[in-house]
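Residue numbering begins at 1 within each chain, and the chains themselves are lettered A, B, C, D and E in the order written.
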Amino acid sequence: MKQTVFILLGLAVLALLAAAPYLLSDYGTALLLGMTGYITLATAWAMFSGPTRYVSLATVAFFGIGAYTVAVLSEVLPYPLVLLVAALIGLTVAIIVGLSTLRLAGVYFVIFTFGLAELVRQTVTWWEVNVTETLGRYIFLPFEGRHIYWQLLALLVVTLLISWWIGRSRYGLALKAIGDDETVAEHAGINVPGLKLALFAISATIITLVGAIQAPRWTYIEPSIVFNPTVSFLTLIMALLGGPSKLWGPMVGAIPLFLLFEWLSANFPDHFSILLGALFIMIVFFMPKGILAKLEDLRAGGAS
Amino acid sequence: MLELRNLTVRYDKHLALDDVSLTLDKGETVVILGANGAGKTSLLKAMAGVVRADAGSQIVLDGAPITGLRADQVTNAGIALVPEGRGVVGLMTVEENLRLGANPKRARAVEAERMELVFDIFPRLKERLGQYVRTMSGGEQQMVAVGRAMMSNPDYLLLDEPSLGLAPIIVTDMFKALARITQTGVGLLIVEQNVRVSLKHADRGFLLEAGRITGSGTSAELLDDDAVRHAFLGGNS
Amino acid sequence: MNGRLEITGLKKRFGGLTAVNGVSFAVEPGEVIGLLGPNGSGKTTVMNMVSGALRADAGSIRFDGVELTRLKPNKIAKHGVARTFQLVRPLPTLSVAENVLLSFAFGRKRHWGREAQMLVEEKLEFVGLGGRGGEEVGNLTYIDQKRMELARALASEPKLLLLDEWLAGLNPSELRIGIDLVRHLQGLGMSVLLVEHIMEAVRALCSRCVVMSAGEVIASGESEAVLKAPQVISAYLGDDHA
Amino acid sequence: QETDAVTIGYAISKSGPNAGGADMTVTPNYELWVHEVNERGGLTLPDGSQRPIEVIEYDDRSSAEEVVRAVERLATQDKVDLILPPWGTGFNLAVAPLMARHGYPHLAGAAVTDKADDFVERWDTSFWFMGGGEDYTHALAEVLIEARDAGTINNSVAMVSVADGFGIDLVKAARPTLEEAGFEIAYDKAFPPQTSDFATIINEAAGTGADTFIAFSYPPHTFALTKQAQVASYNPAVFYLGVGAGFPVYTNISGGQMEGVMSLGGIDPDNALNAEYRARHEAVIGRAPDYWGSVLIYASLQMLEQAIERVGLDKAEIAKELSTGTFDTVLGETKLENNQLRNIWWTGQWQDGTFVAVAPGDRDGAGEASLPKPAWQ
Amino acid sequence: MIENLVNGLVLGGTYALVAMGLTIQYGIARIMNLAFGDLIIAACFGTFVLYSGFALSPVLALFLIVPLGFAFNYFIYQIVMRPLVARAPNSEALEVDSILVTFGLLFVIQGILLVIFGGAYTSYSYLNTPVNVLGTIVAANRLVAFVLALIFGAGILFVLFRTRWGTTLRAVALAPESAPLYGIDVNASARLAFAIGGALAASGGVVVSMYQTFTATAGVVFTMKALIVVILGGKGSLTGALVAGLLLGVVETMVAAYIDPGLTLAATYTVFLLLLLVRPSGMFGKAG
């Protein structure tokens, strides 16, 4: 009964969101688009990094791979096929990376993934400069903001479903165990490397798709645009802020932060950085376990 | 004299120690007996400044109140704790751990002397001076932990289950060595499950139950006490 | 239920130190065997190799006819070997129940859902933590964490249980309960390899003992006889225990 | 009051890696122009009435997604009357479809591209003010050929470029141009934008014995290359650098030894209009403009202002006027060809403390390139 | 060959100098300081102001800016970091918190610099004079960085490994829960270490400003390079940071000379990734 209500409610919200471009201005749609992009990134990121606590900064590597694939293939293949190819490339790279990084732990993994993103960027740059001799590429796909938004929305729904399913399956528990103590997890019968690899690959593939879907929006693409490390950092910060170990955590982090960015840069373009930084520090101080945990605390406090 | 007056410790709402008072003299050995979860570890931790005691608690060291001092200040004041789980620096060598043990000012002058004493009790440590403590066996690490506390030249030594994981032959040696240390005027407070051995070496003992002291006496009295025998000595043996 | 473990010629070196040097012994199905020896003699290292935490340099470990030497811990667990750790290793972000549930979910038979929840409660009850499944593991006392760890090991439904000083730190009356627990497991047909420094427990539980020193087996056989052997007394027990 | 102001919006990189470039060439000129217009009483409309400018500015944080959204916001939320472009080739392209869709004239100022013809065809309200790689390299080749024919330099060229849109565009144009002109390219490497150490590059270039050194670089590289060349006493007859050599700060960076250094852009020192512009810039902004992009951006704004005076605020009308009209700007009489500004100074050289335009040499006001460059002290 | 080696080492000197500060802050005070590069930039601007406004030579500026860096970081630790350390249940939690909070700090510092100095490229020339080292001409200012890196590196290494006080600092780094039992005031030690790291950042900033163009927003580049050097060397290992810094300089130079300057960064990351794969805890790191 209760479950049905939830499902119906969810569907209603979804329908409303899907109809939003008709109700909002282009800018409103653009906001939703940007937000949906980051929510998807953060949720996908947290799918792997939340429970295992393997903090990945490779987000932009996959994001950029997605975008670049679209830039290279958009004139050659039909669009759905381009997305498929992008996903496959992302998956392949993720598996190769996953296989090689499984031994790294803690901050070594963090910096490794950062280095990886930079390596991909440098290699793509070098390739474009020396081999194809074009650095910038153009994407002239007939998409407007709302088309991209709908695609992202669909991807977000899929991502949340996957994340939800993992969370309630035994693998969710296993991932948390891996985050605590890999040796114990292995002794409990978990195929630790295999599970980590699978999750990393799924998460990376989704991230790749976000990049691929968003690329047509920029018309022009070059490595410094699509491999902008800020994407990795924002994703991480949003997820951590919301609470990466819960299904809704990344979303609860991404939405306010995204709006905050927007509000600050629109109203205080000259003091954006200072205000953002100061607010950020305050958030960390007053919401130590993430926004979601804070909300739950408040609710619990209110109830008792 | 180390004195506890009305020591109370809470973890959130859980009351772990309830109004405990006891004294420990220099040169004497006192054993705390108590079941699993009775609050023994909490008691030692509170004395060492590792956990905070509630308001109203008082810890007095040779007449000076030390309540509320941080753990490092307590150590420097002459109280050394060998905690449950050892408290050693795993990524340093045995030698570094021992030398660092002599970090409090009071210990620096006697560092070499103490080192010899520790090697005397635990010859294994002398063989393994360069080994990273983290790679040692469980018992070997326990030796480092006890050795390190001895290095700090304490007036009072608090030991939380020092025999845990030590081979019987080492346990015997260790208690003999501890006896030698008390003779130099160090007061010893031991939490031990190895009741028979510890009482054999102790002057007095306390019983701790659910955070309260429920009995005390000399070692002989306690060994004779029915309740104690029943709870801690495995019946009539 | 089987559970025969056979170790032959096991070797492990750490840098210049040979921690385990040609150790051989067997654990028969349903047997509780004691693995004794002074500190640093290599007991935990042997256990680590059996459970797959360490890879042996030489020798073989066969369990119910399967060669375990090259297998990963998760595979070994699936073959029916479970362990506890000398220093407890609870998973702090999981509740007590979840710690145990994990082993059910990935153990030999893979239980999940409502059924698994009931099994977990049963196991917690068994080790004396009934009704405390919802607590944070970090708030348990050391001993209770050890109990939880035993429940976690049992939850993978092993045929062979490796206990590394699991009874250490119990007071004599608790020790009796602990001993009964292990006996009960034996009664269920489980084999147990027991590393322990508490002689009372060894005497009560182990029909046979293997004593190691400096990485080698210096005595093995019937417990009573082994514990009286002069080399065991001089290397391990000391005169007080003679 | 509010209703009668003309709202002009722009999104510009105020933070992030692009802030340095935007802060040199674009933002100060926007501010200068708005300041001047408002001082005059506002934009004049065809009926002679004046309306002040009200600015809405956003920080795009050097992110393509941000710049797109900010422009969307300006167009559909703030509904501004006019939108000024962001900094950089990539960002101008990113917003081009939006500007076109919403009908805003797009005066792409800080964007170097050889594809302007294509873009104009695709977005007919877009205007391109900085030319493309071929323009700059042809002009450079012209100077080099003359020097070679005069026997000042040998036939060999060492060339480096930053591995990013700007560097690639230029180096790609330079290769065929130089080869056609009979030069031999002895060293030709791209370096990543993050590069900060040029010791090896200068050594290698020096090792080739080429008399001409060309770097299609950004300011940090331009500065570092200069310092390294000085340290290494590397004295090629032609020392041509990219963006930054025309910045006023270059005087300090070269330790006053900028004499003879060449780069893109330049000015005609006898052009009183330009000199006046530079003086105003310094007075209002507090520092001098650079010798390349600034004046182009400023001129584009002057054109916009005059177009409004002629046709009012109708965006389509403004665009049409920009395409076809002739304007009085600091560059002199200015008319766009196929929506592009063509009478630009392509190559300049530091001479007696001024960055003088030397190519195209056949245009009025062009200086004479003075080669070889004197050695570093 | 020799020429490239010398150039590489001199370049690496800068990397090492910058990375050592970070490794101390991260290794000992356990704060993963993402604002590190912005501290460097702040020092760059400070030097620039002193030089262009007060004609104070950057070498002398060292004596003003380095103590300032120390003091600033000392207070930052006391005010911002200490509460985080106090509330963190374990080191992972502290890592996450410190990443988040220094991310905020990064924006604050950058924002202040932007307001004061704007986004423009800033650069000046000082000690840009040739010095002959083994037949190779290098810039004096870069040599200063190299020499400073060696002096600071050797000095700090001596303190850490040869003095009791240094050993206590390392104990804080390796086992913060145990350190109080050794009579060590963990907070004071961490604060001091953080401040020393900050002083090193400041010294790096002073030297770097002599030859490198900087903008208010360029801090991230330094942070990242420093992080890579730190991790390559092994976290918390000062020797590692020193060696890894120099090594990276040499690798970049060699690649630029013999392969392609376009691949210098790619090579850096390749070396970095390969080394981590072979030694998952860095060159001088200990497992765990």
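Here is the rule we use: a contact is a pair of C-beta atoms (placed from the backbone, for glycine too) under 8 Å apart; a residue touches a chain by one contact, two chains touch by 3 or more.
Chain by chain, the UniProt names read as follows: A = Amino acid/amide ABC transporter membrane protein 2, HAAT family; B = Amino acid/amide ABC transporter ATP-binding protein 2, HAAT family; C = Amino acid/amide ABC transporter ATP-binding protein 1, HAAT family; E = Amino acid/amide ABC transporter membrane protein 1, HAAT family.
Source: prediction; values computed, not measured.
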Where chain B and chain D overlap in contact partners, by chain label: E
Farthest chain (mean CA position) relative to chain B: D
Farthest chain (mean CA position) relative to chain C: D
Gap in Å, rounded to a whole number, between the CA centres of chain C and chain B: 28
Distance from chain E to chain C - Cα centre to Cα centre, in angstrom: 47
Distance from chain E to chain D - Cα centre to Cα centre, in angstrom: 36
Whole-Å gap between the CA centroids of chain B and chain E: 42
Residues within chain A bordering two or more other chains: 122, 125-126, 129-130, 270, 272-273
Chain B: positions in contact with at least two other chains: none
Chain E residues counted as touching two or more neighbouring chains: 110-111, 114, 260, 262, 265-266
Chain A - residues contacting chain C, complex: 169-170, 173-174, 176-177, 179-181, 183-192, 245
List of chain B residues in touch with chain C within their complex: 11, 14, 33, 35-37, 41, 84-85, 124, 135-140, 142-143, 161, 164-173, 193, 195, 230-234
Chain E contact footprint on chain D (complex, rising order): 13-17, 19-20, 22-24, 62, 160, 163, 189-192, 194-197, 199-201, 203-204, 219-220, 223-224, 227-228, 230-233, 244, 247, 249, 252-255
Touching residues on chain E, where the partner in the complex is chain B: 164, 167-168, 170-171, 174-175, 177-186, 286, 288
Interfacial residue positions of chain B with respect to chain E in the complex: 48-50, 70-73, 75-76, 80-81, 83, 86-92, 96, 99-101, 103-104, 108, 132, 134, 148-149, 152
